[in-house]
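The two complexes that follow have subunit A in common; it is paired with subunit B in the first and with subunit C in the second.
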Partner chain A sequence: MTSTLEKKEIDKITVIAPDPSWESEVREAAMRSIVTKPGKNWWIAVSLLSLVVVAGVGAWIYQLKHGMNSAGYNDQAFWAVYIADVVAFIGVSYGGAVVSAILRLSGQSWRAPLTRLSEGMALVTVLIGGAFIFPHLGRPERFLNIVAYPNFSSPLVWDFIAIATYTLATAIFFYLPLIPDMAVAKNLVDTGGKRARLFSILSLNWMGTKRQRVLLHRVLTIISLIIIPLAVSVHSVLSWAFALTSRPGWMESVFPPYFVIAALYSGTALVIVTIYAFRKGYKLERFITDRHFVRLGYMMAALGLVYAYLTVADMLTEGYTGITTGWIQQTITGKYAIPFWFYVIAGEIVPIALVVMKKTRNATGMTVAGVLVVISLWVKRIVIILPAATQPLISGQWGSYHFTWVSITVTLAGVAAIPLLLMILFRFIPLMSIDEMEDAGPLGSIEQISKETLKAAREESIPEPSKEESK
Partner chain B sequence: MDERVGESGMKLLFNKNQGDINGDSEKTSEVSRRKFLKIVGMSAGSVAAVGAGIELIPYRAWADSNPNGWGGNSGVSGMSAATMGSGQEVGNHQWAMVIDLRNCDGCKSCTAACQKAHYLTEDQTWIRVFEMGDSQGNSYFMPRPCMQCENPPCLDVCPVHATFRTDQGVVLVNQGRCIGCRMCMAACPYQARYFNWKAGAKYPDTGVFPTLKFPVPQRLGTVGKCTFCVGNLNHGLMSECASACPMGTIYNGDMITDVAINSMGNTVKLSKFLYDNDAVAYKDENNTHPRVWYIPGHGQNLDTNATTG
Partner chain C sequence: MKKLLAILLIVALSIMGSSFAQAAPVGSLSVTQGSGDSLNLSGSCGASNCTSATFYAKSNQFAGSNFMQIGQAQVDSVGKAQISYTPTWTGNTPFKVNFLGAGGSLIATQTLTFDVVKDPSGFPQSAIQFQRPLDSTGAIFVKILLTIVALVWLTLLGSFFLVVIRVPKLSKQASEEK
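Presenting the complex of A and B:
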């Protein structure tokens, strides 16, 4: 890295003079979760959610003691709810990370209030998704055998490597934009306190010099570039745990993109739900507007259509030739028909309608759509997994999986852990990226967008942000 | 429709038209199943000597280019490095199994004997008797042990090498290492793997410690499957299923010595028996190369079994 190159880059970036009133507004709002003492509602929510998580851990201990039969598993339903949980949770994580990475790379300044929340969501859900591997295993205490005796021809070893790498990348992706904020935050909490010390350690001596900014900007661009293919590969590899078997219904070449799009679709949906909850809880309406929801809603609807297309493509090619149609019959009209049609209605038709109809194209409408998508995409994972697993490969009966209190409690614990961990995380972390918010300036006024974006806007004649709605 | 998968999945190993339904099975009445070792063991020495000088050729290629079939003139098998899987030594024996579907009456004695010997639960049918439909609307029975695939998909996908293949061609599970991910259950095309789902399954009170060849008692949270009773075979005994079969359906065989034997005391020359009876490997289009061959049929009585059938 030559110094001349650095100099050139430094020249390119001009730090705009911050608007003082905007600055103080942003700082106050972003630090709200840290500075103000949590109210009664916060404590009630945290205790209730913790209760659910503790119940889930208890159920898992019960399962360890009594065997996986207590979670409803049997030899024909050998993979079921827990692997669906792994795929679903890591999927939403992917959505959070990629939404933020794509918006960052494409220089969308309206992303500024959303990145922190979606990256936080990505980090929390990948940890929970990874944790669901443990109830999935019959012998979780031997988990490290994967490290001790790895068989590199096994898709599960690839999964392990991919998920571990992705988790690390998500953590870095969450941490990097945090550095400047930590420098700001350490001055906003009582000096000498524990949090001030923590913040100053995390801020890595950030002074906001040009050199530091260039470095951070460059590293963030690189990691945004890396995290997209990384997340694509994680979901492709996850799908290969299914697609590399000879089972009809799993051995599908469409599986990698199918999984990737499902992840993006459900992830965008959970970003919407997350920002809605935090906007409400911390009164961030000034920064996260209905327009944010609508834009994310458009992204979600587009992904939903692609996912529907892949679902049809998968089923039609197999169903038409009629060679291995058992699982399709069971999915469409047989024992998995109810969850499948639930996905079609609640996971495609209703959410897309909510986006299309002008009346519901607002924060509430998009959030309802988001909740529906997240739930029905979990159901869809079950519908992908169970028919192929329970089909008879030689002859005889279809197997069945029965939900038990154990598997339901453990799964609900994972669901409860998302808000719980997010609420705790944001007691220590600013809700929005202060640095990016200050950089972006008040939304909708192009003068205050960083010079970089202006330049890009001129070069590529991107319409002004206020007209970008159709993006 | 699913019933038909079985039939369409059968692949002919031998091109010759079905000959004499009995084949040329050498009936050696004085050979009891307990003397399996003796037959196998005695010839093993001579084979080892001959085998050293023989060029080993992939079995199928060899079978195609030798219309007389595997084991043809010399009686020495066409065992090869290819059929052993890469990098593996060929052991003294290469265990195989022949299941003569013409004899099976679906009594499930094999399943019961296996479950008793290995203290399995009722669901754990390491050898399971499937009722299969044919194109005429009839049904026949098909016992299905683990196929001991020469190219086992279950082995490829196991993340921790808990599934392995011995130099005698038997695929085993190291239940002390298995993490219970069940990837192998997803990969096996024959539904031959069974998990230990329930704690407190019946354990023997014999103080036996589970070994690789004899994984009894089964360990909770790990996968188990048919071991071919390779411990029995190595001690000159037949597998539990074969010796329990009242119809002589199941033959234990050794591809090196080219001998197979059933519970009726029939000893046959394995390659010739397979060849003459149009033996098939089930679902070999998955490139699994099973070590279990089926002789198709619908329960016709064979002369050898006229009295018991």
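Presenting the complex of A and C:
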């Protein structure tokens, strides 16, 4: 028999919002992007962003016609801006997914208004980051060779496997929590309309029964548990694409955690920027408060300190030996000194100061810090890649990479594609997780489902499916 | 008739324009074998207003049939600029230099073809052979990794389809119970 206490806990699985006005407020706010017609500013923003994306596609076509040199590449700078884009975009995706997964697993109720936006951001950026592999390849049709003739000795094959697996996990992680919201959304849009039909299909006829909730909770816990090591593996494998070469500056054992922390750092920063933009655009201040930004800001600052530590560890270890220090000299005082010190100031000192100072510890301060981190971490990737890539191993002459309008336009297209895809995505998807918000209540007092509750639900309250049902 | 005359005038002016352009100073370029595998590329501008020189080589490795930038140098007081460059291929290679003025305007250009005979050999074959884990214990490692990947995919897709299949059934069951 289930004890009274356990029964109460089971009831918490289907917490109905205690305050009906809260429920209606949440639904109205979350559905704002779907129900209201887009305004003039939305159309202007979408048009401008689309133009940048189209220009980027045009620049890529030009590059296909004229060769990689049109993007600044040459035989002495064979890896440059596009691989930095791949690392940076997939990195921010990782941050979005892991932030959401960690908060979900640790039962942080304050996550409720943030998860949808961070999971959406994770999905969009991994798709864009993955797409940057094609301009990086130069001959995109050769991409098929990685599938047809995989060389398992190459980290690039494992990169492909890891990114594909992570993309699948991110897509599932985005869709599953959406199911209860789709059931709500289908009743809030025009009945019989296209969107109602779409929402109806995506909702899987969700009714919000206890058994459905336990099932969804259990599956989401599994996916959350998988997505964290998966994201770690993606960025570790990405780092091994560098670290397994015999290039000074890349062949570093610290690279996997270095890349993972950079991804988390920049990802948390982009989560802050994303939620700030949507909060402002759809007036969600009632739900996404300064408290959310400050908590994310603390996470970001902690990750920033770890990243600074790893940067010093990387340079000190190799620099102290004095054997292959050309890239360090180039980075600190040479050709790449300006971007490196830009990272130190704009990517570490200023953001951490903004978090530490009470005066700036608010939504605007954290967003400024987030923007600085996102930009400077992209610059940092360039600083990691170029000195080592252009370092001479045979000739003694440093190579040089020069930015061209092609590489700049293609990169800007990727940057523009993030807000563009998010704006379009959230025309069809609620901005916040209605189900989680309603469970959390106005004070964010969502209860964690204990192991005992799940056990009780599995053993007694929820019978195993019958044979007919299984069929 | 007037239209025809106008067209002829435009054509004549274009030809004159292009011939004036050709009359611009023509820089010089020389390529010599340097120490080791490197080449010395040296150019002279032939005009007093050159500030920098950009050197190019034609290689189908990175630029298709186009010139690939291989280096830049400042023009000295006597109008000369030079760089050292080590190509990663052999054979007849066209090189080009563009002399630029203030603001990046093209002042002079010159091309020549040089037969590259020395090619850095890169890593020894033994090192490449050594980096093949599939020939040794790495083969087991690869199989383990592929098994883990397969398990992750199975878990992800299994979880997804479990929800997709079970949720509608549970709804149906709940409706029937009511």
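Quick note on the criterion: the second predicted complex is superposed on the first by the 425 of 471 C-alpha atoms of A that agree within 3 Å, B and C clash if a C-alpha of one lies under 4 Å from a C-alpha of the other, contacts with A are read in each partner's own complex, and residues count from 1 in each chain.
Definition applied: contacts are C-beta pairs under 8 Å (C-beta built on N, C-alpha and C of every residue); 3 or more make two chains touch, one makes a residue touch a chain.
Here the structure is a predicted model, which is why all the values come from computation and not from measurement.
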Subunit C versus subunit B on the shared subunit A, clash or fit after superposition:
clash
Just to be sure I read the superposition right, which of the two partners does A:338 touch: subunit B = first, subunit C = second, or both, or neither?
neither
Taking the superposition as given, does A:216 touch the first partner, subunit B, the second, subunit C, both, or neither?
second
What is the contact status of A:245 with respect to subunit B (first) and subunit C (second): first, second, both, or neither?
first
Identify the partner contact of A:73: answer first if only subunit B is touched, second if only subunit C is, both if each is, neither if none is.
both
Going by the contact rule set out at the top, does A:139 touch subunit B (first), subunit C (second), both, or neither?
first
For A:172, using the defined touch cut-off, is the partner it touches subunit B, subunit C, both, or neither? Pick first, second, both or neither.
second
Does the superposition put A:156 against subunit B (first), subunit C (second), both, or neither?
first
Could you tell me if A:400 is touching subunit B, subunit C, both of them or neither one (first, second, both, neither)?
second
So which subunit C segment collides with subunit B once the two are superposed: 3-11, 21-29, 111-119 or 147-155?
111-119
Contacts on subunit A seen with subunit B and repeated with subunit C across the two complexes
65-69, 73-76, 78, 138, 153, 246, 392, 394-396
Could you please specify the touching residues of subunit C with respect to subunit A in the complex?
36-38, 59, 61-64, 66-72, 84-89, 120, 122-123, 131-134, 138, 142, 145-146, 149, 152-153, 155-157, 159-160, 162-164, 166-175
Sites on subunit A touched by subunit B in the complex
65-69, 73-76, 78-79, 136-140, 142-143, 145-146, 148-151, 153-157, 160, 241-242, 244-247, 250, 325-326, 389, 391-396
List the residues on subunit B that touch subunit A in their complex, please.
1-3, 5-6, 123-124, 130-133, 142, 144, 153, 156-162, 177-183, 185-187, 189-191, 193-199, 220-223, 286
Enumerate the contact residues on subunit A facing subunit C in the complex.
65-70, 72-76, 78, 138, 152-153, 158, 161, 165, 168-169, 172, 175-176, 179, 204-207, 209, 211-212, 215-216, 219, 222-223, 226, 230, 246, 392, 394-397, 400, 402, 465, 469
